[in-house]
Each structure stands twice: as structure tokens, then as C-alpha cells.
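Got a structure here, written out as C-alpha cells. Questions coming.
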């Protein structure tokens, strides 16, 4: 079955989702979700190993050769991300059971698992597809599932957040479709590889640029690139904790990959980066995101919202690397996609533990947490530190590459911006750490439930990962190097 | 100049699309009523259909159902894509409308101005 | 009241034709316009018409909600299983050539199978969504 | 069509807006028919004018019929629309004229579909064969979208069992 791994990776979660809805059994649904999550993880790792040993894997859906049929195209880069998000979502699934039964109504749990798996399947579909329109379809699958997940948070404002995201997400997807439509009119093809070949000898420069703009803006809405980020903080704040952790560690990363894919593999380095305006816009928006969102984060009182704004800022780092667009910059982006995914999962899982045990949602409730729940407090502290980029944590590695990249280009302003935004991050993280360790416990907060072992275990595991990958950079750094060298910059090097 | 006029006349389909698309988008971004916003969203999506379908038309061609006596067919490819797009559109619309029902129940209004000012931004 | 009666009778007469038309669109999709999705929507429209005229209670008695809720995942299951069958025979996912000895024959079976899947899911979804909308009730 | 769109923008009565959008859908279906997209026209008529109208009217039954006057007017939406519109005009300028047969859409993959469909799948309606076979995976995605939406709507609207 291994040669069918590209199809299986995307289909296993979806089959799991279908089975959950067919059976709707209260105890079985977690098991089914876990099984299909495990299967996905297993095949995604096989897929990555395959991608390493072969060149590019092309899988023809329905047996029709591309570009006539739909092609799944796996290279070292997207295989890496597929493996990343399926491992993350499997771990979060282990964590999910107790957290969900605490936060959701009983009859909604099976729907949640189903949506979770559908979202996962959709994201993997976006990563692996080599077809522009197929990417749109899977984008919509994951988006619709996301809207439902957000609306399930229990807080009635979750409905507003879901609605807001639905409008924004649909506009984004429609803009993307317009962009794809323009390409389709000038090339007659939807296969991304085929398009990239054909674009070379297209004389119609204007539709090409317009399609680039539409696709970039459409995806930027999904990425929540500043200033198009308005939906993200609310969405993260009001989704169930498990949902937040899942979305924060996977969804935006996939959208970023889609953007990278278009910029590098479809339009091509030369077209995109000969356009000074484009680089300027991407860079300035990234820098703005790093500042703006961090400043807003400083003034947040809701814990989840704070880290959601910090996500917007961190996305700025990733797009910054895309804008820098040299070897080190891109490695910085890639490593940061992986690292930020781990960091945010750790943080939101830890917050999920807090919600589980004592319904903590605001920052001032954290006071004295270090004495009451030392484990969780340590996890939050470490992963927040890694958000700032303290040496010895993963956050440092990605920033290091970004600094290297911008130095190579001679962009001192960008280096300066990186430093300042780290200081800003220090302010909001510092406030949290101070409250946790140096304040007397608030007596009104009572811990109701003992946190189950598996929730703590997964949270601790993620936290350890943020340190481990910060010290031992071989794994993430090397994988990112391979991905960037072989896929993105293949022709330049 | 004559080229421009020629171009304008031969590409009138695009100008229809652009007008409809912009109107739809305008409703979505400017109106505060949630139902109306969704109607606008549907218009916006629908106008994209013509963007795909109209270039697939060949003058003198016929629908892409193979039959004797016809040799020119309009392109079936965009039709397939738009079928999928319509389905995605109705799925989004129904999900959005169901959220509107719930929002109306919980907050007793569906005007965005009131809701977002009161609920989401003051904390 | 008389208008109401007129509606009731005419819709009762029309309903079988709508359903019949749905099946026509479903199975004639190979030759004329139509296919699983359109057929499903038309079928669902029939049920919706029935609900509008006769009220939610009677409609849910005659067309129980549970069936439609069950049809939603069932159709997708039919679709994916078709794909998995070709997978299990060593072909690519959704390669209908695997379904029979001759590729053309296999294609035919495959297309019918997945159109059926689409049909089932679409009826189930549309009617379920509609029932959920009208069944919510004013607060 | 343009008139119905303007009507939708101007009118505050949501019932009229919904009815106008139905008319819009019918006009759209007609237009699609002119463009030879029979399958799409059938679907648009059934979905846009049928199902979505019913759903919207149901929602209106629950909510208020009239849209309220916006409290403040902002130029931002207008600017966004003008930018998008400008970009579209910029982008579509120079695209192949309407109705031409030698454009990439016709010469690249569509031709293959038209030529191969009858031999490889035995289905004369090329739209069906592309939908179900050549691009069957898209259709699977589409069904999953419907599935997701239905489950989502059910979960959002089903009352919790107490």
C-alpha cells in the first residue's frame, strides 16, 4: 500500500470522519479518531521517507495522467509539512478526550472529532495537491470544518467569531478562485506544474500579475497576514481549547505553504522577485505585523487572545523570510513554520490544561500559578520564552536564520525590526511570567478538576520538544535545509 | 485607439463580470446586516462563475454533449469547475445562515455594528 | 382555505413527478445535462415543497429526519469505498478501470457508483439542513 | 442583472433583497445557458433560485425583515472595491476576445477531454465524464464539502439535549 501513501494520507482522516458520523458512538469516536490520526501519521512518515529517496512523487488520482487528471505532487518540502501537521494533530488528539468532555456538550463531541479530522484531511489535501482548483476545494473543506469548530466553543461570542471568519474566509477563497481563473484563461490548465511550465512563454504579462495579486491577497486572508488578521484573535479565543491548539499549530502554516508554493514553484522566483513592489509590500507588511500585533498583544487581558495576537506577529516572521527570499531567509521561514507550530501547540495545550482544571481565561488569574500548578506553569514559561527567541529554545534558531538572511541582503532595518519586535514580545511574555512566579495566588481561583495524565504528558512533550529542537538543531535545521535546497531554490543554487 | 475600442467591444463579458463582482464585494464589505452580507457573498461568488464559463464559449459552438452533426463544442472544463464551485457556494451559504439564526437567538440582533462594538471589542 | 386546498392537491400531484424527474436527471446524466448533484437537489426540493405545503410535522412523519441524517455520511462512504476498491486492486485511488475487466466498462460502473454517492449525500444534506432550519423554532 | 444588483444594494427590506437575488440567479442561469453550460445552468437554477432562497426566507422568518440604517458611513469599502475592480480591469485587459476558439482554454486540455471521453469512458456528456472520472477527485472533495456543511449546520442548530 505504500505507493498509495499520497492518497491515503489525505483520505484516512476523511474516512475516519465519515465513520464517526455513521456510528456516533460516545466512546468509540475518540478511538476511531485516534486510529485514523495514527494511520495518517504513519503514512505521512512513510511518504516523507519516500520523498527523500525518490525525486518528486507524482500520484495520478483516478489513474489519469496529469495534466488531464488531478495530480498529487509530493516533494521534500510538502512531505515535511504533511508529516509535521499529522504528527501534531495525532498528539493533540491524544490530549483531546478529557479536555473535550469537559468543555463540550456530550452530543457535540462526535461532531467535533469529525470536524477535526475533516479539517486535517483538508489541510493535507492542500499541501499535497498539484492542482490549483483541487487546492480550492480542499481549502473550503478545511475552512468549513474550522468555522464549525470555532462555533462550538460554548461561548456565544464564538458564533460571532465563526461568522466573521466565514465572511473573511469566503472572500479570501473567492479571490483565490478569481486568481486561478485568470491563470486558467491564459494557460488553459489547472495543474500547477503544467502552469509553471506554460507561464514561461505567456506574453500576457498583465493578467499574470493580476492573478498573482489575487492569489496572494486571497491566501493572505487565510494566513491572517497583518492587516488582514482581524478574524484570527477572536477565532482562537472562542474555539474549544483543543481546537485552538490544532488550528494554531496547523491551519495558518498550510496556507503559508500554499503561498510559498505559488510564489516559488508556480510563478517562479524570477517573475515574483523581479517585481520590486511585491517584495516591498511583503516585507513592510511582515514588519508591521511583527510590531503591530505585538503591541496589541501587550494590551490583551484574555490569555488566548494574547497568544493569538502573538501568532499574527509570528506569522510576520515567516512571511519576512519569504520576503527576504535568500537561502538563509527561506530556511528561517521553514524552520519557523515547524517551530512556531510546536511552540503554539505547547502554549495552547497548556492553556487548555488551565481551562480544564480551573477555568482560567484571563491573565490576572495566572497569579501565583507557579505554586499551584508547577508543571503547567513551567510549560507555559518555557514555551513563552521560546516565543521570544531566547537562546537554547527553538525560537532562537529561526530568528538566527532570519537575521543571517537579512544581513546577507544588507537590510539593517529588518535586523533592527527583528530585535525590536523581540523586545515587544519580551514585554507581553514578561508580564505573564512575572504573574506566574512572583505573585501571590489569587484565592478566588479554585482548581476543580485534577488534570488527567495524558493532557499533562502531551503538553510536557511539546514543551520538551521546544527545548530539544532548540539545542539539537540537526533535525529541524537539516530537514528545512534539504527542503529549501531541493525544492524552492533548486534552480538558483 | 481603434484597437482599444475593438478590445472593449470584444471583451464585454469581462466588464459584466467585473461590475457584478464589485457590486457583490461592495455589499459584503459595506453592509452591516448579516443576511444581506451573505446575499452579497453569494452574488460575489456567482459572478466568478461567468469569469470561468464565458471564455469557454465558442461562437457557433454547442453544449459539450457529444452528438452527431455537431463538431464545435464549447469547452466542458470550466463547467465542471463551476459545478463544484456552486456546491461549495451553497455549502458556505447554508453554514453562514445557520450561524445567523443562532446569533439572532443569542444576541437578538443581526446588525454587525451593534454586535462587534458591544461584544468582541470591549474586554 | 380554498387556495390552500388547491396547493395541497396540486403539490400532491406534482410530487411524484418531481421525484421522477430527479431520477431521470440522475440516470440520464450520461447523455443529457444532469447528474448526481442536480438530481439530489431536485429530489430535496420535492421534499422541501412537501414540507412547505403540509407543515413540518407531517413532513417529518412521512420523510423521517433520521433517514436523511444517515444519508449524509452514507453517500460520502459510497464514494470513498469506490475509491478504496480500486486501491485494493492495485490501481490508483478512484481509478475505475479496476472495477471491471474492460476499462470502459469499469469506468461506467465507477461513474454510476460515485454519482449514486453524490446523489445520496446531496439529498441527505439538503433535506437535513432544511429540517434543521425550520425545526429550530422561534424562541 | 445589473438592475437587480443595484436593487439589492439599495433596498433595505430584506424580503425584497432575497427575492431579487432569486431573480438574479434565474438570470444567471439563463446567461449560463447562453454560454452553453447546460449542466451549470440547471444547477444554478436549482440551487441559487431554489434551495438558497428557501433557506434565506426561513432565516428571515426568524429575524427582522428590515435592515437598519448604518450608523456611520465609511469610504473604506468603496476604496477596496475600486482597487479590486481596477485590478480586474487591469488583469482582464488583453485577454482573448469573447467567443474565440483558439484560446488556451480550448486548445490545451479541453480538447483532450472532448476527444477522449467517448472512447475511454463511453459517456457522451463530456461534463459528466470529466466530473465523475477525469476530475473525480474534485467531485469527492465537493461531496465532502457538502457533508461538512450538513454536519456543521446540524451541530450548530440542533438543540442540546438537556
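Order of writing sets the labels: A, B, C and D. Residues in every chain begin at 1.
Rule of thumb we're sticking to: contacts are C-beta pairs under 8 Å (C-beta built on N, C-alpha and C of every residue); 3 or more make two chains touch, one makes a residue touch a chain.
Quick caveat: nothing in here was measured; it's all calculated off a predicted structure.
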item	value
Any chain in contact with chain B as well as chain C	A, D
Of B-D and A-D, pair with higher C-beta contact tally	B-D
Whole-Å gap between the CA centroids of chain A and chain B	28
Between chain D and chain B, distance of the C-alpha-averaged centres to the nearest whole Å	5
Chain centre separation (chain A, chain C; CA means) in Å	36
Junction residues of chain A, two or more chains touched	14, 18, 21, 61-62, 133, 137, 140, 144, 147-148, 151, 178, 184-185, 190
Residues of chain D whose C-beta touches two or more other chains	38-39, 43, 47, 51, 55, 58-59, 62, 84, 88, 92-96, 103, 105-106, 109-110, 113, 124-125, 127, 131, 133, 135-139, 141-142, 144-149, 151-154, 156-158
For chain B, residues that touch 2 or more chains besides their own	21, 25, 55, 63, 65, 78, 81, 83-84, 87-88, 91-92, 94-95, 97-102, 105
In the complex, chain B residues that touch chain C	63, 65, 83, 87, 94, 97-98, 101, 105
Chain B residues touching chain D - in the complex, by the definition given at the top	7, 10-27, 29-33, 35-36, 38-40, 42-43, 46, 49-50, 53-59, 61-67, 72-84, 86-95, 97-102, 104-105, 109-111, 113
In the complex with chain A, residue positions of chain C that touch it	70, 72-74, 76-77, 80, 83-84, 86-87, 91-97
Chain D to chain A touching residues, read off their complex	84, 87-88, 90-96, 103-110, 112-113, 116, 133-138, 141-142, 144-145, 147-149, 151-152, 154-156, 158, 160-161
Of all residues in chain C, those that touch chain D in their complex	25, 29-35, 37-38, 41-42, 44-45, 48, 52, 69, 72-73, 75-76, 79-80, 83, 93-94, 96, 103-104, 107-108, 110-111, 114-115, 117-118, 121-122, 124-126, 128-130, 132-136, 138
